[in-house]
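Order of writing sets the labels: A, B, C and D. Residues in every chain begin at 1.
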Amino acid sequence: MALIDISGIFPPLPTAFDSNENLLPEKISLNIKRLSQYDLAGFLILGSNGEQVMLSDSEKIAAIAAAREALPEGRLLLAGTGCQSTRETISLTRAAATEGAHAVLVINPSYYKGNMNQAELVRHYFDVADASPVPVLVYNMPANTGVDMTSRMIIAMAEHPNIVGLKESGGNVVKMGEVLGNVKPGFRVLAGGAGFLLPSLAMGASGGILASANIAPGHCLEIYKAFLAGDITRARDMQHSIIPLNAAVTARWGVPALKAAMDHLGLYGGHVRRPLLPLSEEMKNQLVEMIGEKELKLYKHN
Amino acid sequence: MALIDISGIFPPLPTAFDSNENLLPEKISLNIKRLSQYDLAGFLILGSNGEQVMLSDSEKIAAIAAAREALPEGRLLLAGTGCQSTRETISLTRAAATEGAHAVLVINPSYYKGNMNQAELVRHYFDVADASPVPVLVYNMPANTGVDMTSRMIIAMAEHPNIVGLKESGGNVVKMGEVLGNVKPGFRVLAGGAGFLLPSLAMGASGGILASANIAPGHCLEIYKAFLAGDITRARDMQHSIIPLNAAVTARWGVPALKAAMDHLGLYGGHVRRPLLPLSEEMKNQLVEMIGEKELKLYKHN
Amino acid sequence: MALIDISGIFPPLPTAFDSNENLLPEKISLNIKRLSQYDLAGFLILGSNGEQVMLSDSEKIAAIAAAREALPEGRLLLAGTGCQSTRETISLTRAAATEGAHAVLVINPSYYKGNMNQAELVRHYFDVADASPVPVLVYNMPANTGVDMTSRMIIAMAEHPNIVGLKESGGNVVKMGEVLGNVKPGFRVLAGGAGFLLPSLAMGASGGILASANIAPGHCLEIYKAFLAGDITRARDMQHSIIPLNAAVTARWGVPALKAAMDHLGLYGGHVRRPLLPLSEEMKNQLVEMIGEKELKLYKHN
Amino acid sequence: MALIDISGIFPPLPTAFDSNENLLPEKISLNIKRLSQYDLAGFLILGSNGEQVMLSDSEKIAAIAAAREALPEGRLLLAGTGCQSTRETISLTRAAATEGAHAVLVINPSYYKGNMNQAELVRHYFDVADASPVPVLVYNMPANTGVDMTSRMIIAMAEHPNIVGLKESGGNVVKMGEVLGNVKPGFRVLAGGAGFLLPSLAMGASGGILASANIAPGHCLEIYKAFLAGDITRARDMQHSIIPLNAAVTARWGVPALKAAMDHLGLYGGHVRRPLLPLSEEMKNQLVEMIGEKELKLYKHN
């Protein structure tokens, strides 16, 4: 089942909206086409940067369909299908597979934090993996969920043959090492943030699903390739220089900044859905300056 | 618009499922009928105890409709309509009003924690309150959302004429006092947990929306009434004695324990939806013992 | 041994320093004399507001001695003697008793947070209580220690005959209720902050050790006395109106603000020890305005 | 002033006590002598593993003196001199330099968490660095202090000519990168835990101060040397295999486990000071098994 190998660099695509917050599937396609000029392994649709939790069921399907249609040969499509209930997660997972996603990325339920212990979460992932027609990646994103899945949980989940990897967005490299030291061969760990890509690779990660790969794909790929080529010095320089811009579009300002940066770079960023609000002009200026400073002009599309 | 007065004791009803996790609207009605033997001010449908985040849109409507139909004259129906996006929250709020809810209880969006600051949250509540045909209560539940709305946020929200109160489930009595000292007259604060009902009333709260009011309504009402009657000693004794059972059905074991206790007491608790799992037999025995010990037998239905 | 009854309102005195950060014992005496115009139950020396963690052993002894000497007949002197090791805590506790402290307030060790579990903390308090010539109060202050002692810990500690009470500074009124419902008669709970004095009293607390009692002793006493007299409405109004000033001298700006307020009111505040820094002029102006607004002029000394 | 280069692997020595919790300086010397068989860059005395917060002033001096005396030529002695006040930190720093420490490691004050902001902490480190006869390393240890110093703080501190490095024990590799990208050349970052040594080196760290270097010095050195030699695969395998034992002697069981492991390996571990308690027999057995499993026998002393 898990004959695909999930490694390399993946951008988690934002979901495109117009000024009335309505879905624009064609802009998702546009972004995929432009970004596919780079040697990216594929794309994630409906991740945290995709405002998945704000979309209706039909919008989710439409977004996956648009991404799949635009996907070039040889690239992978991952779809974020985690919901608060097991049943809804299974339902969306099946729909994503039907629409052509090659694998699903499943964030953990988190509303009932006090109950999200080992038994509940392992059972949840096993139930989803049993029902999923495609391989499942576990997605740990404590900054958004408020739940930080432990290595013990993930090691237990990895025993399921259809659970093939982990996206770790908490930046916990110790956890990555502990997981990799205790799971089946072929289980993949992917860094969930460009700020810790190189340390993750050193610890054994196979790549990353990185917000910054939407706006600095060449930069992210260079860290990855320099590391694979054994050029740690080059990888480290590139790693240090991506941190400020990456922080701006993630922990500091989040999706509104990612979309603003994409607009600036000739991709489609567009509007966010409320309660998210657009960046102020002042923040936008700071962001643009940061993009300029880091000489990301080369990633601009002409 | 806000001619209703939201005070007194409200149980936040669990949502009834069968063994296949399918909705049983008639069991919601049954629980309302039985609990209405007590002098409760009304009911909350689709709160945290109602597994709201796990329900589909149509299930949410069906649950509200079932509750409204069973509601006796003179009781209020509150419906939990908070979702992750402003647009979905507005849509569910309107539907709830159409189904006959007297007011809505709106939990804050929380997925994009880093962006859920003053501007975003006040704008969100203002947009919802503008669109809502019925009064809006703000719902702060940091243990589940991972976001603890500040008094400064709530004081700003209270300036909207259609925002009439706060359910504070974090147990922060200082915040309650700070809010009550700085908002329009008639703005209501409701305790979100039976463990801190009496201190909340002392601080100026008007009542509570209390998981324990599903399984110990008489006990909760007695705290409330003794306080109103000036009998602090009686209120305090009852307050102390509710804490262990209340902790069991909230912070310690949560909704699975609440449903098990309801089953034990002759109400309909029934099944939880996964990822929630039912209590183990050992936990159930501890729970039953706790119910017995606290002599809640009088609240049993015969 | 525990024939003293620790109830009522206690100010936790700041420790007086000159502009070179040297101890001024006579200014501690001065503050006690002035504040003793009010019907305070006594004083705490070397609490969190007393910069205890910044004092040398000999300074601690000197501060206790100065306080004891100035203490009027009929008032109690509590001394904060908690240190990171059990042996140092015992040593300081004995010295405090020798200097005439009537009871000691022992904050928990907290540096080795991962080890500060039930066994370690109960053993620590038992060892201290065994060695102490005077009664021991447990002091829970999670905002400073980063460790929040549980009700289960405190209930276990309360079994020791020489452990006679708890100062709860986390504002957790549920914990207060849980403790009071499960300990020996006569065990006292004291509110650790004026922001939650009334709710604590409602839950069964016997008084408070309150930073604000240094700068608004009459106001704090009025909450306490109105509550005892059954006048909840009066107590609540006074409770609401103390919150902003209290927040300023505690959570918001801390000891530097408390000292600035004391200076403004004719007591001796004086200098803080670094790393604490004095309030900026702008903050001082805001603070003075807050004092004025709340009409605390009556607490000024002339 | 900062002509020493702080790189390589350093064990943070535990402080030796007898069964009455009295200091045994000669056992500190013994451990240094035995561990000096390995190619360690030096030793830290009075770090978190050294129970520094539990020692009296004179014990601190005695421990530094014992370490300095035993120190072989060519190794560095770092001393942990951070206290809660600036004045006490300066005093201990000067004493440590007098006793022969080559540099000091200064943990931040943390008791007044609400006040430990940019201005206070930068001022504190500047004051200490101004007064220190030897170079100063900043020590960030959020698991113990409850304060996580930001990269912005550390970048500001690094502007002082006598502040030469950072020990980062929070495992935040992004922060390490952000710091290294924004400070003067020669500023050193040291990993504060063996669990994240390799990722830290990849990010640009110069070595580590590692509890595990007391009990698995060869293992830690092998990660370091394999990395320097460009053998990432070897470094990674060794990195993965150190994680469980390292977790046992740090986050899981802490200093009592470190001391028990040292006893097992033929070093002097000895007793802990209360409130720390010794490991249970069951924990000790688990620990010994872990040591065995990981084939650390080669680090045993014969």
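Operating definition for what follows: a contact is a pair of C-beta atoms (placed from the backbone, for glycine too) under 8 Å apart; a residue touches a chain by one contact, two chains touch by 3 or more.
These numbers come from a predicted model, not from an experiment.
Chains that touch both chain B and chain D are the following: A, C. If you average the CA atoms of chain B and of chain C, the two centres end up 36 Å from each other. For the pair chain A and chain C, the distance between mean C-alpha positions equals 49 Å.
Within chain C, not a single residue touches two or more of the remaining chains. Contact annotation for chain pairs lists A-B, A-D, B-C, C-D, with touch applied as defined. Contact residues of chain D toward chain C in the complex are 21, 48, 51, 53-54, 56, 84-88, 109-116, 119-121, 123-124, 127, 143-146, 251-256, 273-277. Only residues 171-174, 177-178, 180-181, 193, 195-196, 198-204, 230, 232, 235-236, 239-241, 243-244, 247 of chain D touch chain A when the two sit together in their complex.
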